[in-house]
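Each of the next two complexes has chain A plus one other chain: chain B in the first, chain C in the second.
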Partner chain A sequence: MQRNLRTVAMAAAVVSALALAGCASATPDTASGGCEPSDGPVDLTFTSWVPGMDQVVALWNEKNPDIQVEFQTGPNGNSGTYQNFFNQIKAGNAPDVGQVEYDALPSFRVQDGLENIAGCGDILAAGDQFVDWTWSQVTFGEDNAVYAIPQDSGPTAMYYRADLFEAAGIPVPTTWAEYADAAAKIKALGSYITNFPKTDVNWFAGMVWQNNGQWFENNGEDWTVDLTSPESLEVADYWQGLLDRGEVSTLASFSDEWNASFNTGQQWTWISAVWGASTIKSGAPDTSGKWAVAQMPQWNAGDDAAGNWGGSSSAVLKGSKHPYEAAQFALWLNTDPDALEMANELGGLYPASKDGANLPVFTAGQEFYGGQKIYDVFAEASAQVIPNFVWGPTMTQTYTDVSDGFGAALGGSGTLADALATGTEKTIAALKAQSIPVAE
Partner chain B sequence: MSAPSLTRSSKAKGSQREPILSRSAAMLIMGVFTLYFLIPIWWLLVSSTKTQGQFTTTPALIFTPDAIPNFIDNISGLFAYNDGVFLKWILNSVLYAGAGALLGTVIASMCGYALAKYGFRGREAVFNLVLSGVLVPATALALPLFLIFSQVGLTNTFWAVFLPSIVSPFGVYLARIYAASSVPDELLEAARLDGSNEVRTFFTVATRLMAPALVTIFLFQFVAIWNNFFLPLIMLRDPSLFPVTLGLYSWNSAIGQNPELRSFVIIGAFVSIIPLIIAFLSLQRFWSGGLAAGSIK
Partner chain C sequence: MIGAFPMTVTSVRAPRHGLGVSAAPRKRLSHRKALTIFIGPFLLLYLLFYVIPIGYAIYQSFLTVERVGTFGPATTVFGGFTQYIAVFQASDFWASVLRVLAFGAVQVPVMLGLALLFALLLDSPLLKGKKFFRLAFFAPYAVPGVIAAIMWGFLYSPSLSPFSAVTQNIPFLGADLVLWSIANIVTWVYVGYNMLIIYSALLAIPTEIYEAARIDGASNWAIAWQIKIPLVTPALILTAVFSIIGTLQLLAEPQTLRSFSTAINSTFTPNLAVYTTASVPNYSLAAAFSVVLALSTFVLSFVFLKVTQRRAFA
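After this line comes the complex of A and B, so read on.
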C-alpha cells in the first residue's frame, strides 16, 4: 500500500451510489450466484507485495489444513504486479486472491478482472466490520456486489515539529488559513512549512477528497471526468498561492534531500497518511521525540474532515476456481486480529477493519512522537474520511498527465489549475481510446 | 620536389603536435567518462557502509568513521533477512546466467558452425531468419512467451526463465562469422579422413579454434541473462525462484511498508555486481582478443 506512493498512487475511494456497474458494457456477470464451497481440499494462490505477508499466509495454512494457500509475490502494483494480473487473467492463470489498491480497483472492474463474491457465504454481511468508505470502494455502490475485501487504509493527518512551533511561538494550525499564516512566518525564519510534491498526484487527490471534491463520477452507464470542480480548484489555488509566495519547497517527497530537510528542521510539517509515521521515523532519525500529530487543517473552522492517501484491498480475481474459499481467506486475512497484527508489524499496514484500530499495537504511545498516542488521531481521522470518493478507471494515466502539468507549473509555466484542466482532457481522451463510455 | 618534402615536413610537425593535443583530449574525455561511470559505483560502495539513519544525515560520497562495522552489520542483516532469501536469489542468478550462458554458447556455436561449414539448401534463408532475431528486443517477446508458457503450464517455474535464455541469435551470427574465418576446411577434411565423425570433429577440433568467439558469446549471454529483468518479472511469482534483479526490485518497491529494506536494497545491489565483476576480470582477456580477431578477419 503505501509504497506506491511515489510512482503512482494509491489511495482510495469510494463509489457510493454511483455504481461502476455501468461500465458494464464490458463487464457482464454481476450476478452473485454460483458461489458454493468446494468439495474436498482446496489449493489457492495469493499475490501480495506487502513484506511479511508470507508469514500471515503460513498462519492461515496452519489453521486451515483443507484450504492451503500458496503465497506469491512481486513488485508493488504499479511497478509490475497489476500488469502481471492482467496478463494472467488473459492467460487464465491469475491468482485466486490478489492485492489491488483502491485507486486501481476501477480499472480492474472495467476490464472485467474481478469476481463478485457477494454470494460467497456471509461476505455481504461483513461490510459492517470495515470502515465505511473502504467498503464503498470494494462494492462500487452496486447492490448485492462485493469485489474485494478492504485491507488497509491511509487516513491523513498533520505531522508537525511540536518543538519548533512552540519555540517560534507559532500556533499549531487547525485551518488551511492558519496553515498559510504559519507558512509565511516559518518562511521568515528561513524554513519551509512543507513541500508541494508534484509527482504525488494521489496525495493531491487526498487533499481534494478532504474538501469533499470529486474527480470522477459514474452513473451506472457513463463516466464523468472533471478534475476542475470548485472544490478541486480551491485546493489547487491554495497551493498555487503558497508556491507563488515561495512558502513551500518543491522537493520530491521520499527523496534523500526531502528526508534530510525533515532531519535538519528545514521542513516543519507533512500532511500525510498514517503510514507516513515510519517514513519520517526512518528518514529523520535525529528528530526523535520532537514530532507530534494533529488532525489535518480544515477548510472551515470547526469542520472535521480527513482525506485519505493509499490503501489496498484483497480482490478475488476473475477466473478463480474456488471463489468461496478465496473470499473466506480474504476476509480472514483482513479481520483476524492475529493476521492484522502481523500485517502491521511486518508490513506496516493500517487495517481497514474497524476492530483492527483497537489492536494493542495502535494504543501505545510512540517514542518518536514524544510519547503521543498518534494512532488515536488516525483512528479519528479514519472515521472522518468522506465515504463517497470515486477513482477513475485509468488512474495511472491520470496521475502521469496531472504530474506532468504540476511539474510545468512548478517550473513557472502554467498553474496547478491548468494542470488539472489538461488532466481532465487527457483522461477523457484516454477513456474514449479504451471505449469506456464518457458523458460529455 | 620541394613541395612534397615541405608537405611531408609540415605533416610531421603536425603529427607531433597533434598527439599531445589529441592525447590530452582523449585523456580528458576518458577521465570524464571514467568518473561518470565510477561515481555511481562509488556511491553504492559508500552507501552500503551506512546505517539507515546515516543516509540522510551524512554526505553521500564520504565514508563515515564506523563504516566497517556498519558494512558488516548490513551484510549480515542482508543475508539473514527473510530466512536468507537474498542468497537464494544470488544462487538463482548464477544458475540462470551460468547454465543458460553455457548451454546457449554450445547451441549457438553448433548452429553457427553448421551454417559456416555445411552447404545445404536454404542455408542463407536460415541464417537470415536467425539474424532477424537479433533485431527483436527481448522485452517484446516476454508477453507472447508468457502466454505460450501459460498454455503448457510452465509459468512460475525455473524453465520459464531458463529456456528462453539459452537462445542467442547474436551468438549464432558471431559463431558463423568466426567459424568461417578461423576453422580451415582442410583441417576438417583431414579429420574426416582420419575417421573422426562430425560431432567429434566439432568438439575436438572446431571448438578449440573457435575458443575466443565462444568466450565472447558466453560473456555476452551471461551478462544478458544476469541483467534480464523483464522476463522474470512477467514469468515468476514464487520468491524462491527470483533472480537477484527481480528480488531487489521487489524489495525496493516495498520500502514504504518497511523502510528497513532500503539498506538491504543498497547493500544487495552492491553484492549483486560482484559476480559480474569476477566474470569480467577472469574472462576479459579472451573477450577483447576474440572481438578483435573476429573483426579483423
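After this line comes the complex of A and C, so read on.
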C-alpha cells in the first residue's frame, strides 16, 4: 500500500511539474496590441502609499461612473510595494495603475513591467503640462514612448528649527562648511543637527545629485556603474566626518523613535524633499510653528544647487486589461486641479504638473512653518534640480547593498565610501546576473 | 502512521464481509475508497501547498535570464547550475548561515533548558497553582511573532522604552547586541511551546516508576535527574529538531526589528537574504538560495537525529 501511495504522489508530482513547465515555456506576450477605449463600464485597481489617495480616488469615482477605480494601499515602494508589484506582474495580476518612483522606473522597465501608453489617446501631447525633467524620466528620453505619468517631484531644501537656532545664537547654515560648524555647536548643547538615514540611500543619491554627481550612465547599449565619483565621495566623506564626531544621530528613519526625536527637539534640521513637510507635521505635532524652510546648504558659497529626493509617477503596469482608461485616470490624477490640491493637502505631494505648482494651496503661508510660504522655497529649488540624473536598472538592489554598507559603517566597520565601492561592485554583479549589459 | 492505517480499517470490516467468495474483490474496492476518502484531502493539500511549490522552486532555480540590450525583452532559459554557482559564491548568504548557527548554538540550549526546567516544575509535587503557571508560560506563544517583535522593539528602544534608563545605556538594538536581543524574543515566544511538549512527555511516564523509585529511597531531585529527564529525552530531541529548523528559518523577528534598528542588514538571516534577492527581483537566485537552505536544514536535522538517536531511542 505504501508503494502505491508513493506511486500516486510521484505521478502527481510529475504531472504538476509538466504543467508548470508548460506554463513557463509559453512565449512572453510581445504584441502590445494598440490602446483603444473599452466598451461599457470598466473597473480599475490603483495602488499607492500616499495618505489620502483614497479620497482623491473617491472624487474620480464620483465623476466617472463608468470607470470605477478600486484603491489599494501598501507600504512605501522600497519597503514592500515594489516587491508586490514585481510578484504581481510575474503572476499577471498587477494593479492597473501603480505608484512608482522615478528611480524605480528603470527597474520596472527592465522587468518588462510597464505598459507604453504613448498611444492611449492624447497622452503623448500631455508632456507639455509637466516639469521637463520629470517628463524625461517617464519617457526615458525616447520618442513615442510614455511609461508613466509624472505625479510629484521631491526638490530638497533644509527644514530647520528657527526657534532653536535663534535661541542658541547659531546662524542658519547656508553652506555645508557652516552646517558642519553648526553641527558641532548643537552637539555641545546635547542635540543633533540631523539624523543620518542609513536606509534612505535615495536621500544620499539626492545629496550626490545636488553635488552634480552621477551614479549611472546608459549610452543606449550598455550601462556604466560608478558610485565612487569624486562628487559622490565628497558627499560620503562629509557625512562620515559628522558620523565620526557623533554630531548626527543614526536612528532608523521614519520610525517612531525618529518621530519622537523630532517631536522632542532632538533634531534641529532635516535636509529633505518637499513632501517632508507633511512628514514633520504628522510626526512632530508638538513643534508646530517652530519650523522654517531654507535652501539646502551649498558646497560653494553663493551657489543655488538643489537635489531631489523621491517623487513618483503613476504607471500603467503590464497586464492591465484597460490601459486606455488606466492612462486617462493617471493623467487626471496628476493634472486635475482638485485632485492635485487634495493630494497636497492630504498626502503632501508637490505636483509635477506645471500648472499644479501655481495652485492657491502652494502660494499660501503654512501655519506649521510659522506662516512661511514654504512652497516658494521649493519652487525655487525645483528650478535648480539638475535635469539629467540617471537611475540604474536594479535600484532596489543598489539601495539595499549600499544601505547594508552604510549600516556596517554606522556599526563601526568600514566607511560610507567603502559602502559606495561595495555597492558599485554588487550592482555590476546584479546587472550581470540579469544579463543587463555593463561596460567595464 | 500511513502504514498502520489500512490494518485498522481491515479489522473493522472483517466481520461484515466474513463469508462468501465474492467478498474479495468488493473488499479491495471499498478498501481503496476508504483510503481515498481519508488520504485524499491530505494528499490534495499536500500537493497544492507543498509538492508543487517546492517543485516550482526547484524548477525556477535552474533558470537564468537572457536579454538583448538594456531594455530588450527578457527571456528565461535553462541555465543549468548557474544559480547554484552564484549561491556558493555569495559570501553574504554564508555569513548569514554562520550567524544563525551561532544564534542556534546559544539560543536553542538556553530555550530548551528553560523549557525543561519549567516542565519539571509543573510536574513536581512541590509547585502550587500549576494550571495558572502552565497557561502563563504558554501565553507568549499565542502572541504572533511579528507582534512580539514589535512589542520587544519598543521595549528595547532607547527613548520610547518604559525602561529607558536601561536601554539608553545598553544598546540592545546596536550592531553587537541585536542578534541576542532577537534570541531573547524567540526564547520568550517559544519556551512555553517547548515546555508543553516536554510536559506532555512527563505526564506519559507511568507513576509506578516513581513509586518504585521512592521505595528505593530516591529523592525528588534524583527522580527528576535519573528518571524524568532520561525518559523525556525523545521529546527533547524532537523540540531540538524543531528549534534547529526554526533557527535556520528565522525571518519575522529580524524583519520586523529592521524598522527599529539600523544594525540589521538585508542579509541578516538566510531567509532575509532570500527575501531581499526575490525583491531585486531575481527569482531564480532566490529559489536556488531556498533550495540550498532547505537541503542544509534537512542535513543538519538528519545529522542531529543520527547523533542523538542511539542514545535516545536505544
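The rule is simple: the second predicted complex is superposed on the first by the 313 of 440 C-alpha atoms of A that agree within 3 Å, B and C clash if a C-alpha of one lies under 4 Å from a C-alpha of the other, contacts with A are read in each partner's own complex, and residues count from 1 in each chain.
Everything that follows uses one rule, which is that a residue touches a chain if its C-beta (ideal position, glycine included) is under 8 Å from a C-beta of that chain, and two chains touch if they have at least 3 such contacts.
The model shown is predicted, which means the values in this text are computed figures rather than measured ones.
Contacts of A:I436 after superposition: chain C is touched, whereas chain B is not reached.
Touch criterion met: A:A260 reaches chain B and chain C at once. Touch criterion met: A:N76 reaches chain B, while chain C stays clear of it. In the superposition on chain A, contact is made by A:W275 with chain B only, not with chain C.
Chain A is touched at more residues by one of its partners, and among chain B and chain C that partner is C.
In the superposition on chain A, A:D286 makes contact with chain B only, while chain C stays out of contact range. In the overlay built on the shared chain, the residue A:A91 is in contact with chain B alone; chain C does not reach it.
Judged by the touch definition given at the top, the superposed model places A:D112 against chain C, while chain B stays out of reach. When the shared chain is aligned, chain B comes close enough to touch A:G347, but chain C does not.
Looking at the shared chain after the overlay, A:R161 reaches neither chain B nor chain C. Counting contacts by the rule stated earlier, residues 1-2, 5, 87, 90, 256, 260 of chain A appear in both its interface with chain B and its interface with chain C. Every residue of chain B that touches chain A in the complex is listed here, in rising order: 52-53, 55-57, 60, 143, 146-147, 150-151, 155-156, 233-234, 236-239, 246, 249-250, 252-262.
Chain A contributes residues 1-5, 7, 45, 47, 49-52, 54, 72-76, 79-80, 84, 87-88, 90-93, 95, 256, 259-260, 263, 275, 278-279, 281-286, 346-349 to its touches with chain B in the complex. On the side of chain A, the complex with chain C involves touching residues 1-2, 5, 8-9, 12-13, 16-17, 20-21, 24, 28, 30, 82-83, 86-87, 90, 109-112, 140, 198-199, 218, 220-223, 250-252, 255-257, 260-261, 264, 393-394, 396-397, 400-401, 403-404, 407-408, 410-412, 430, 433-437.
The touching residues of chain C, when paired with chain A in their complex, are 2-3, 6, 35, 39, 43, 47, 51-52, 55-56, 59, 63-67, 69-71, 73-76, 86, 92, 154, 157-160, 174-176, 258-267, 276, 278-283, 285.
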